[in-house]
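One chain, chain A, appears in both complexes that follow, with chain B as partner in the first and chain C in the second.
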Partner chain A sequence: MLTYILRRILATIPVMVVVALIVFSLIYLDPSDPAAANAGDQATAEDIARIREAMGLNKSFGVRFGEWTWGILHGDLGRSILTKLPVSGMIAQRIEPTLSLMVLTLVLAIVVAVPMGVIAAWTRGTWIDTAIMSLAVVGFSAPVFVVGYVLIYFFALQWDLLPVQGYTPIARGFWPWLENLILPSLALGFIYIALIARITRASMLEVLSQDYIRTAHAKGVARSDILFLHALKNAAVPIVTVIGIGIALLIGGAVVTESVFAIPGLGRLTLDSILRRDYPVIQGVVLLFSFVYVLVNLVIDVIYTFLDPRIRY
Partner chain B sequence: MKLTRRTALKSLGATGLVGLGSFPMPALSQGAAAKTLKFVPQANLANFDPIWGTQYVVRNASALVWDTLYGVDANLMPQRQMVESEEVSGDGLTWTFKLRDGLKWHDGEKVTAKDCVASLARWTKRDSMGLLIGAVQQELTAVDDRTFKWVLSKPFPKMLLALAKNNTPCAFMMPARIAATDPFQQITEYVGSGPMKFAKGEWVPGAKAVFERFADYVPRAEPASWLAGGKRMYFDRIEWIIMPDAATASAALQNGEVDWWEIASTDLAPVLKKNKNIKLDIADPLGNIGSFRFNHLHPPFNNVKARLAVLTALSQEDYMRAVIGDDTNLWKTSASFFTPGTPLYTEAGGEILKGPRNIEAAKKLLAESGYKGEPITCVVAQDQPLLKPMGEVTADLLKKIGMTVDFVATDWGTVGARRAKKEPPGAAGGWHMFHTWHAGADCVTPASYVAIRGNGDKAWFGWPNIPTIETEVAAWFDAKTLDEEKAAIARLNKEAFANAVYAPTGFFQIYQAWRSNLDGVVKGPLPFFWDVKKA
Partner chain C sequence: MNAMPPPSDMRRSIFEPPAAVYPPRKPRGPALRFVLNHPNVVIGATLLVLLVAIAIFAPLLTPVDPTAIAPAKRNRPPSAEYWFGTDQVGRDLYARVLYGTRISLLVGFSVAIIASVIGLAIGLFSGFLRFADAIVMRIMDGLMSIPPILLAIAMMAFSGASVRNVIVAIAVAEVPRVARLVRGVVLTLREQPYVDAAIASGTRTPMIIWRHILPNTMAPMTVQATYICASAMIVEAILSFIGAGTPPTIPSWGNIMAEGRAIWEVKPYIVLIPAVFLSVTVLAVNLLGDGLRDILDPRGAKGH
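What follows is the complex of A and B.
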């Protein structure tokens, strides 16, 4: 197993190299101009040309890629061409809010969705099943920003229970941290809950039709034990897979959620840097997201072996 | 502290979470809250060099941190700010400026004439008026610690206006070591002598910028008026909270999480008007002039008849209703290239935009221009709420007069790059027209009005080459009385219409909104934080 994990970690290196090359190439091919986008309306064409030169945008593809790669190999993601701040520092400033949002969403989604899926499977064909699956359809259909606005309207404006926007670092207290994240996590988690609940239900239905479940019933095993100890563990592989794939969904959703709730996270940093054509920052965050995704996949693969001992690599 | 459901919940949450180590609960005391202003700016503060980056949001933040030698007041007149006195020689060639005593930089050093000389040297390389002064500059030197001298080869009557103007880039003063930075490179140290210090450590670009009161700032004795007078700060801390989403900003203002929203969305204004805790008013009396630019280099718009054909059919009301809506407090038609309500405003030559629109006359002019149905590359930034509807109205207008439209829907970043291309439209990547708007503050005089210039290759995008416009711009710069200025501007407006330098699509204003416990918010071309208090 250890050899396998090491092999997988080493395999991330060529993946990251390919990602880096693709990200850099796509950005290089972008027809827009950060100098023009940021010089302001009063800037003349000559001003823009001089700013472009000062930003180093007139260098060839090879030189720019070489400098960037060399920097990365030395742990330096470069500097923002707009703020002149180190990209690594800008990312570090934004990691905590995004990580908090994603972890809380993930926990919320799993805690809510898995029991929902199990109950729906157990009560298949009843009104409970229909109600849960209807909720799942709504969850799938409602865009994150719509859910966000509805939550803000009721929980912040009408009932004055939670703040509209912002983020408080956890170092300043658990509740201030949590109260800023409840609505965003609910908004972002809605679609994720729907996805996991549906997969859980489908997977559970398959397992519940197996002979050993019938045997467990015949032996008089308690219903909750059958569901959560016997069936759920055997239904877990597809659920874990979906949770892993859903991380990408969360990253995409975080961009919208952070904008709606004004959370200073990596999603907003990505969006802002794309709109302002801040190339070093775009490259840095995309590389980070790719690395996280590769890492999550690795973790999921390892979890498989614990859930199903028959799986060997 | 007022007990609300949220504070009650917070206390409950804290109590329940003691075991998780949640105490102490951080909260601003009532006094501290009154000393902190939470402000939602118009855009992200993506860089912080008011000479390098000329975006308005950078200028607005800079006005807190850096001071100017002169400041324009609410009557658009230049007034002394850092300067104690000035003297101009009889021939108008030598200006001598003396600084106020006791001015300090945020690092505690004294403000000296050498700092101002270095700052002006940097500014004259980037600002349109600065460039004109630079072209006639013979000497710019410090005479002593508080005095510096500017010797010119030709009189420059608009000197004080140039140093006071609020158009970007403003002549902000910086310490000499910072001002020595190449004007095409950004500064990385943010030390000014303005009423607030920039808390660089708390800057999260795209999310937050923080300013702290500068205890050693000595305001002038006169009452504050825009960028002039005593800039008295009643807040220890001003937090700029960047909110990309208008609905969120509106909700945060309604919930009391922020105090002041610089640009309140027109769509959300009815909701805000109903809220008794919120005040809503015009943000900037100078407003904005919507526009689309023609590319004067390529057919058909290299022919004045094609440009006039478009103006003949253009209905400003259509544009304004599409862009701003039916709230006529916020917009009006204006047959002028200049800002309504300002001393030089004129509608001379603007008849082409008045009266019923004449599609047939436009079609006739277009035929005379030699237009043969080639696609018109109309570039429209879809991510800008003001520009998207403007582009759609233009596309409809062009079709009505018989033009074929190649509607290029893109984002502002791409427009910014594409509009700089002089290549022919179509496959070569050029353009025929793009949409934008001009701050009314820039359109008061030709001083910083790059969009009206007709100096060919050196002109703004579209590169109109109209010598008669340049003659009138020069006449305004040389004017010595208000009457002379008015006459020059009337002739300039007439020439600009006769040549259709660009298409003005109407004058519009935008709301600002603030919590009703905030006092002292004024209308202006930028948010003025001095004299604002929180009850």
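What follows is the complex of A and C.
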């Protein structure tokens, strides 16, 4: 098992290198010349050449990628073109709202979606199952910002139950923090709930058709015990896998959700940087999110080997 | 009434049509049964045909130019003359929404086709050439480790707004998913005795791909393509909505929603009408995908 875990950890290294390579290569998508842009309209050809030299743009791709990676390994994500501040510091400043939003959404989605999927599997073929699964299909079809606006319209504007937009740091109290995050989490969690509910239902259906479930019924085990103790435990692996993979949806959705709900997190930082073409910031955020995503899935894979003794690699 | 011919009749029935064995078909039976058994496909396909018609015949459905600015007529509420009202610079929203169908469908279909073709090529390449497999799959893993929307946003930020760039940015994120699927099919099929037999009897690789691999990839790829199409349409709307997608001069649903955003508390319909169109379109494609999955692969009917 230890060798498996070690192999699994080592296997993420090439993946991370490829991620870094892709993120670094993004700058080559820009057709304009960064040296010329930096030099301004009045610059002569010599000025541009000098600036190109100073920015290190003359070096080969390999050298530039190497220097960039070396910096990252030392926690240096470069400096913002606009504010000249270190990107890592800018990210650290903005990380709390994004982290809050994503953790809350994750908890909310699991708490709502897993029971939904279990109930749908249990009531298979009835109107309850149909209703839950229809809701899941709709969840896949409504873009996150549309859900966000609909929620704001009803819960904030019409019924005045929750704040429209904004964010309150958790340091200023739990309730104000939570109050501001309920609607964004619901909006962001919508597609995630649909995804988890679907896989939970499918995985449960497979387990419920097993012989030991029938045996449990025959022994007279209570229904709820069969569902949650016998079946759900055995159906857990695909569900947890999808929860891990679905974090990609959360990350992408968070950027949009923060924009709709005016939450000053990493998503807002990304969007502001797009408008200002502040490339190092965009690269830093993409890199961070991707690494988090890879790490979360690594941890999930490793946890399996502890939770499920049947898994042997 | 026997569904199968008795064993002694087997040989004969290969040469003669087993007319007596099967019950005679009732008129209008199969078509009706298909509709009843697969309501998803029928509803999805009907909606999609309708939307394609809207996209193609947009100029016939409204004589108004969707980009024509009319400051005198701005901010009109929905009325008999302006069905969906007008926006802040007086453009007719009904016309804009109709023409927006074109962008959504164009992006959805293009991304689905491009990602499928490139993914198929990479998957075949990786599945057949063992030495390339490890490298290609690590690259795919790396691409898949960047959350798709984030990758598309980043690519758009660097390359600039245009419909072509939107299509490329979304397709790049989807290619690895198709490649993995195809590679999986190839690896499973390579273990099959009939493929072994074909290899042993000296059949060339292109022929094996054509005869054995492609027919087996088509079903899962078609299903995958519909999901890619649906997700591409959502991502296009998201990109346009945050200002990194279709250029604002072209009417797309995401752009209309982005423009209606500032005044959406007063006039929510400017955001909600294109939102409904987008959701219905994506729903239609998803329904079609779910239905196709049930038809093409009854065993694999297990969620996502």
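Rule of thumb we're sticking to: the second predicted complex is superposed on the first by the 257 of 313 C-alpha atoms of A that agree within 3 Å, B and C clash if a C-alpha of one lies under 4 Å from a C-alpha of the other, contacts with A are read in each partner's own complex, and residues count from 1 in each chain.
Here is the rule we use: a residue touches a chain if its C-beta (ideal position, glycine included) is under 8 Å from a C-beta of that chain, and two chains touch if they have at least 3 such contacts.
Computed from a predicted structure; not experimentally measured.
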Scan A:Arg124 for contacts with chain B and chain C and give back first, second, both or neither. neither
A:Arg64 contacts which: chain B (first), chain C (second), both, neither? neither
Classify the contacts of A:Phe261 with the two partner chains as first (chain B alone), second (chain C alone), both, or neither. first
Based on the superposed arrangement, let me know which partner A:Val15 touches: chain B (first), chain C (second), both, or neither? second
Between chain B (first) and chain C (second), which does A:Tyr149 come into contact with in this model arrangement: first, second, both, or neither? both
What is the contact status of A:Thr44 with respect to chain B (first) and chain C (second): first, second, both, or neither? first
Return first, second, both or neither, reflecting whether A:Leu249 touches chain B, chain C, both chains, or no partner chain. second
Taking the superposition as given, does A:Glu179 touch the first partner, chain B, the second, chain C, both, or neither? first
Kindly classify A:Leu157 by the partners it touches after superposition: chain B alone (first), chain C alone (second), both, or neither? both
Show which residues of chain A both chain B and chain C reach, each in its own complex. 31, 149, 153, 157, 259, 271, 275, 277
Which of the residues in chain B end up touching chain A in this complex? 4-6, 9-10, 13-14, 17, 20-26, 44, 46-48, 52-55, 58, 126-128, 167-169, 182, 184-186, 188, 203-208, 241-245, 247-249, 251-252, 254-255, 257, 383, 411-414, 416-420, 429, 436, 438, 442, 448, 450, 458, 460-461
Listed in rising order, chain A residues that touch chain B in their complex are 31-34, 36-48, 50-51, 53-54, 80, 82-85, 90, 93-94, 149, 152-153, 156-157, 159-166, 168, 172-176, 178-179, 259-262, 264, 268-269, 271-272, 275-278
Note which residues of chain C are touching chain A in the complex, please. 138-139, 141-143, 145-151, 153-160, 230, 234, 237-238, 241-244, 257, 264-265, 268, 271-272, 275, 278-280, 282-283, 286-287, 290, 302-304
Within the complex, which stretch of chain A touches chain C? 14-19, 21-23, 26-27, 29-31, 137-138, 140-146, 149-150, 153, 157, 195, 198-199, 201-203, 205-206, 242, 247-249, 251-253, 255-256, 259, 270-271, 273-275, 277, 279, 282-283, 285-286, 289-290, 293-294
